[in-house]
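The first chain written gets the first letter, and so on, giving A, B, C, D, E and F; residue counts start at 1 in each chain.
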Amino acid sequence: MKMIIAIIRPSRLEAVKDSLSAIGVEGMTVSEVQGYGRQKGHTEIYRGAEYAISFVPKIKIETVVREAQMESAIEEIKKAAQTGKMGDGKIFVLPVEFAMRIRTEDSNEAAL
Amino acid sequence: MKMIIAIIRPSRLEAVKDSLSAIGVEGMTVSEVQGYGRQKGHTEIYRGAEYAISFVPKIKIETVVREAQMESAIEEIKKAAQTGKMGDGKIFVLPVEFAMRIRTEDSNEAAL
Amino acid sequence: MKMIIAIIRPSRLEAVKDSLSAIGVEGMTVSEVQGYGRQKGHTEIYRGAEYAISFVPKIKIETVVREAQMESAIEEIKKAAQTGKMGDGKIFVLPVEFAMRIRTEDSNEAAL
Amino acid sequence: MKRLFDQMKGRMRLLRACAATGLVVSALLAPAPVFAAVSEETAFVFNTLLFLIGGFLVMWMAAGFCMLEAGLVRSKNVADICLKNISLYSIAGIMYYLIGYRLMYDGVDGGFMGAIGFWSPDDSAALAETGDFSAGYAAASDWFFQMVFVATAASIVSGTMAERVKLVPFLIFTALLTGIIYPIQGAWHWGGGWLSEMGFADFAGSTLVHSVGGWAALTGAIILGARLGKYDAHGRPRAMPGSSLPLATLGTFVLWFGWFGFNGASQLALGSAADSIAISQIFANTNMAAAGGVVTALILTRIIYKKVDLTMSLNGALAGLVAITAEPLTPSIGQAIIIGSIGSALVVFAIPFIDRLKIDDVVGAISVHLVGGIWGTLAVPLTNGDASFLTQLIGVVAIGAFVIVLSTIFWLILKYSIGIRLDEEAETIGSDIAELGLEAYPEFGGGSHKYRGT
Amino acid sequence: MKRLFDQMKGRMRLLRACAATGLVVSALLAPAPVFAAVSEETAFVFNTLLFLIGGFLVMWMAAGFCMLEAGLVRSKNVADICLKNISLYSIAGIMYYLIGYRLMYDGVDGGFMGAIGFWSPDDSAALAETGDFSAGYAAASDWFFQMVFVATAASIVSGTMAERVKLVPFLIFTALLTGIIYPIQGAWHWGGGWLSEMGFADFAGSTLVHSVGGWAALTGAIILGARLGKYDAHGRPRAMPGSSLPLATLGTFVLWFGWFGFNGASQLALGSAADSIAISQIFANTNMAAAGGVVTALILTRIIYKKVDLTMSLNGALAGLVAITAEPLTPSIGQAIIIGSIGSALVVFAIPFIDRLKIDDVVGAISVHLVGGIWGTLAVPLTNGDASFLTQLIGVVAIGAFVIVLSTIFWLILKYSIGIRLDEEAETIGSDIAELGLEAYPEFGGGSHKYRGT
Amino acid sequence: MKRLFDQMKGRMRLLRACAATGLVVSALLAPAPVFAAVSEETAFVFNTLLFLIGGFLVMWMAAGFCMLEAGLVRSKNVADICLKNISLYSIAGIMYYLIGYRLMYDGVDGGFMGAIGFWSPDDSAALAETGDFSAGYAAASDWFFQMVFVATAASIVSGTMAERVKLVPFLIFTALLTGIIYPIQGAWHWGGGWLSEMGFADFAGSTLVHSVGGWAALTGAIILGARLGKYDAHGRPRAMPGSSLPLATLGTFVLWFGWFGFNGASQLALGSAADSIAISQIFANTNMAAAGGVVTALILTRIIYKKVDLTMSLNGALAGLVAITAEPLTPSIGQAIIIGSIGSALVVFAIPFIDRLKIDDVVGAISVHLVGGIWGTLAVPLTNGDASFLTQLIGVVAIGAFVIVLSTIFWLILKYSIGIRLDEEAETIGSDIAELGLEAYPEFGGGSHKYRGT
């Protein structure tokens, strides 16, 4: 099993969720994060003083998938999240050694 | 060392924390997340228009434990978090290659 | 590639970001978390009743770096985040198997 | 009929230092330079204006209760408490129109209650060709002013029982409280009933309004039980901090502001210099009792808990206001500060005490309105020679007993018919989602909407 | 000249049950005991005071609209809507001073509009040695009171068009609405123009203020188009819940509170017992129409949607208030409750209906102010025998047509010159960042400042 | 004694266009038809009513300052600023009762200060059988009105010094400011002291209230130092955006609303047509100065910073209000707009300027109240022929010097005794946790309570 971590634009969340769901990825966990990268924040003026916003709001999606689903999941995320402008985000894949569904105590692939 | 990632119901956090603490897991990091899974969100009516809540509030616990503690930690989390109804959440285990306590610069198991 | 996860004090974020940036770590993702560890929360009195704050606000930084950068990144985070008082936080390193920049579809080290 | 209960009210009013009609009349009869006085019609306009200003100020207190309670409940119950507050204000007005006002004021005549029926104004005397202004004020202005008081009593209950009581039974209870309980006991004193005959003195409602709300809240809280998780395994109360202290502070300021209408316009007349002097004293005293309440809570919480407690200080302000309400006219400013301070001190101790009795009062309303109201009522004889301690006590006990009995009956009927408490799951996810299907702050901490780019 | 339009207003006022000047004059002529009456100068002070109190209450409604709208838009547009509200209130006042007031009141004389030019007060008669108080009130008090009404009309537009209209064109439209559209149609009735000659009756502005704002909002919303994401792929409306329901509730309470000034002081005189009686009735009716509106929305949403809808109940209160505004004096309290309830019921159905027409009204202002305003205006003949249904209809249609035509022209000019809509990216990140470069709640959910230890 | 300082006040009042007592008296003496005038007792009631209405409006400004400041500080300091605001309002009232009022008004007689001692009302003349109403108003109504002004001055300080000053020394300073500094300088002009003899003109307190608060805040800010992190390594100011712009906007609206009482009731009399005309002009001017301030800030920030700045626009409204306060009566509406606009423009430049001087003024209070207040005071001679530029300057400088000296002494004593600044750790975690042990929004971004299911 792999954990796919995708950092995306907030406005792409619905699209990514729908396309993952369409290929049978049935679970994911989402959180609000702040990103720092090439897409720079900007400097605003507030009451005449500078105001540097160095972080940009992003969404982080974590989903653990079967090895077999991994490729297509990455592909779907990429397609749904891409706008071509700086700040589209990243996809990372990490190994997962064990998974359990708390409700049923099913393990590993059965737990996803 | 392993990182145990548990996605649980918000109402179970105190119980999980207490039982982990009881078996000597001394540190953990918690965040608010939104989950998508079998427990579906619901459709509400707001001012006469539909309002789909597709995500459900969940809590994510991350705790890095010694190999030896892993089994019992998973067991404790499961026991404390289980209600038997859809949406109880998942436990994932990921490998950790290195750990450090920033304050003391202790490494690996000594850092936990 | 490795994912460095650092749990730090909120007040150290700017410093850590700046020093990582100085050694060429160009991207990171930050989130607000609540920590539980040796630095205990405290008990307050609110309207005459006890009020236990068991979690302490922390910041989690996740950054995926090239193997080569790892050591220096850890060193920089440690230096910038250390105050010597309980609650300085932890650094964890996890293996990353794949990375992609969504915008360009660059993979692995090119994606960072 | 109208005449009759005007007489009743006249009688009560005479107990006060400066009775409006009385003075106008005496001004007319007096040998003093006639030109200097207020004309009858002018007095009529002044008195009416007082009711209108007082009325809109007290109406605004509904917003104050709403903000105070919204700030002191947890986010998951904020929308629900907002709905309860705007609804109870509305229901109170409708019930008071349908049966409350006449039950309270129409033909009580030393007895226990008035007549049954809708109310409608009769200003024919003043509107006649040969205008007779002896009624003293426009009928609807008085009705409006009395109506907003009823709503205040109902507001008290919503705060105590928040976060777990179901919406519909709560609103039904509100209708019963404002249509039946409040007007009947109100008839005893303000309506010219038996308590007023005895010489009971409650200027603006420490007992008639605040304690009544407090007793109803207390009864309700006991029958309803505490919130889930309010008491730990050892039965110790756990703090459940409210969602927004600035909203709670705003609510307190709104109430303080509105209280000038509450107490000031309870003078019931502005149409003479003497009345305007009385109202000025009332304004000053009302303000200073609240000020004393704040400072006392500040100091006491600092001493007892080492940290100054903001919400206790807010409650302290309100306790001072409730305490001075029974007699805002006769105390000197210094006495008003002391009366407010004692009210506040009582509340600082009452809140944890009631908490430990396992009576779960979310916003501290029982302490503020009931404890503060009893103290204020019993303190009247200290500054007002016309009041007796015994009569005050009789009034407090009689009204308390009446409200407890009726509230218990009503709450129990509701409990065993439609049920009054949210089920455990509903309470856990919060009354907002459970009862209204929405959240007060849908973008924060729940729901998916914050994440949507659109 | 001043005299002239005072006469005009006098004529209108005579339509009302209790005309101030009329009564004062008759009191002077009547054989009734002279001493009992209100002196001319006293009446002058009373009338002026009424305008001042009414004026500050209505001014406060600007805060109510601001909070209501701030609560009902999403967080990313909250600062922008706050800015729009405080700016439109300011611009409305300036425009009304520069051209609006005289366009509306100066020499309309049965026609279509008044004179052009700055306004300045002339109280020389009252200030003369031999004080002549027949003007009835201080000129500036009337100006102040009329001015705050204009701002109300403009506030309605901001809510409907929120979250996507650009700041500068919105403010330009505000200036045109408050300097030209509002005063001209206002001249037709309140200025003593042709509609007033016909006998059209709109006591405090169901049509002249609320519908005018509503028509302008409707026109604007159609030309502007819906928010991104408001309609899904199948054209079904999607709910976009607002950022803070307690703020929306607070705003509603503020509006309700301010409405006592809006309707009450529209009696235009307090200087006699008859006027004070009328105002008292207006206060009671205003309150009870809103109360009826709340309860109706409560019940209807419970029946239709199974869950009580808080924001609909808030809209219900406002609908009740708008509905009673055309005639708050002649209904009995029971009739007022019914008029408000029907207004509220119409709004409960109008909101989803307008939504389905793909007219995106962020806060429901079109339903509340336009639908409610039309209903209120048409309902006048039900309780006021002097009004005719046909004339009411003519007024509604004439003013509607006029506002639609001018608003369309103005919006289209703005659209094809500087553009009226934020571009897609700006709308997505929110008007706060896009137009103001800051966030309403910079520490939550965006920006890095919450994380900073400092 | 009372008589004496009433004379003093009478003397000042005569400087104004329409002196109450004066007119009433002349009305009595004049050959004009006696019946037309306001009777003495009626005037007494009107004047008293004006103070009461003005008083509750100004009291409400305390809520405005509280919301403004709560919105402009960061979340971690919100509860603390709420506590400071409600406490300072309370302490101001108590101090003014204990020593302030008599120090300011009792027997100043052209000198530097009045008597020492508690205040209590004496209305015996008006209450006597042969009512003598020449005092003009109820004593307590005047006290109430003067008292709320003191609180305003104190509110200014809390905003500037927020987020780092310790609670207890702040409250001690408040007591000193309201009990000593404010009343003594107030005696110089309003108390009939030397400045009033010279012909200094400050109608409602641009200098006496706003600049005094501003000077005290300035002194305090310098002695206290800037917040941690306010200046970067290069000494450049960093923006620290406030927690909630809708609350800040609400606070501004509250202040604007309350200012009608602040300026309007400073006419000190309503008992004649002339007074009511004056107050009407004051209302219109007050409103339009604020409107001008908003529009000016809007335009200027758009030009200078490319983006419209909401908080600057709020400050602009307040600057307009402060500027018109020294003379709200004599300007025409057009002049009022200009006076307000200039005040606002000054503030738009003053805020970043003061920032660059490393004086850390969290909410911009120094710019608004001090800069705006000086401008307003110096602008009086532009529209009021009785005032001279030189005397105005003397007044500004004298009061400025006095407040600076005393404030410096008091702040330094506090600094070197109990300390005035939070330690670094306390400031970092925020004054809410450090001083009150709780959070303003405990469920968001901190604490564990949001996560708890219960």
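Methods note: a residue touches a chain if its C-beta (ideal position, glycine included) is under 8 Å from a C-beta of that chain, and two chains touch if they have at least 3 such contacts.
The structure displayed is predicted, hence computed values, not measured ones.
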>> Following contacts chain by chain, what is the lowest number of steps it takes to reach chain D starting at chain C?
In response: 1
>> I need the rotation angle between the copies chain D and chain F from a CA superposition, between 0 and 180°, in steps of 5.
In response: 120
> For chain D and chain E, what's the span in angstrom between their mean Cα positions?
Replying inline: 31
> If you average the Cα atoms of chain A and of chain E to get two centres, how far apart are those centres in Å?
Replying inline: 47
> Roughly how far is chain A from chain D, going centre to centre by Cα mean, in whole Å?
Replying inline: 53
>> I need the residues of chain B touching at least two other chains; which ones are they?
In response: 11, 30-32, 34, 44-46, 51, 54-55, 94-95
>> Counting only residues that touch at least two other chains, what does the list for chain E look like?
In response: 39, 42, 49, 53, 241, 244, 250, 305, 307, 309, 311, 428, 437-438, 444-445, 447-448, 450-454
> Residues of chain F touching chain A in their complex?
Replying inline: 236-239, 241, 305-307, 309, 311-312, 348, 351-352, 355, 364
> For chain F, which residues count as touching chain D in their complex?
Replying inline: 34, 39-42, 44-45, 48-49, 51-53, 55-56, 59-60, 62-63, 66-67, 70-71, 78-79, 82-83, 85-87, 89-91, 93-94, 97, 118-121, 123, 126-127, 129-131, 133, 137-141, 143-144, 147, 167, 171, 244, 247, 250, 435-444, 447, 449-450, 452-454
>> Could you list, by residue number, the parts of chain F that touch chain C in their complex?
In response: 428, 437-438, 445-448, 451
>> Quick check on the complex: what are the chain A residues that touch chain B?
In response: 3, 17, 21, 26-31, 64, 94-103, 105, 111
>> Could you list, by residue number, the parts of chain C that touch chain D in their complex?
In response: 44-52
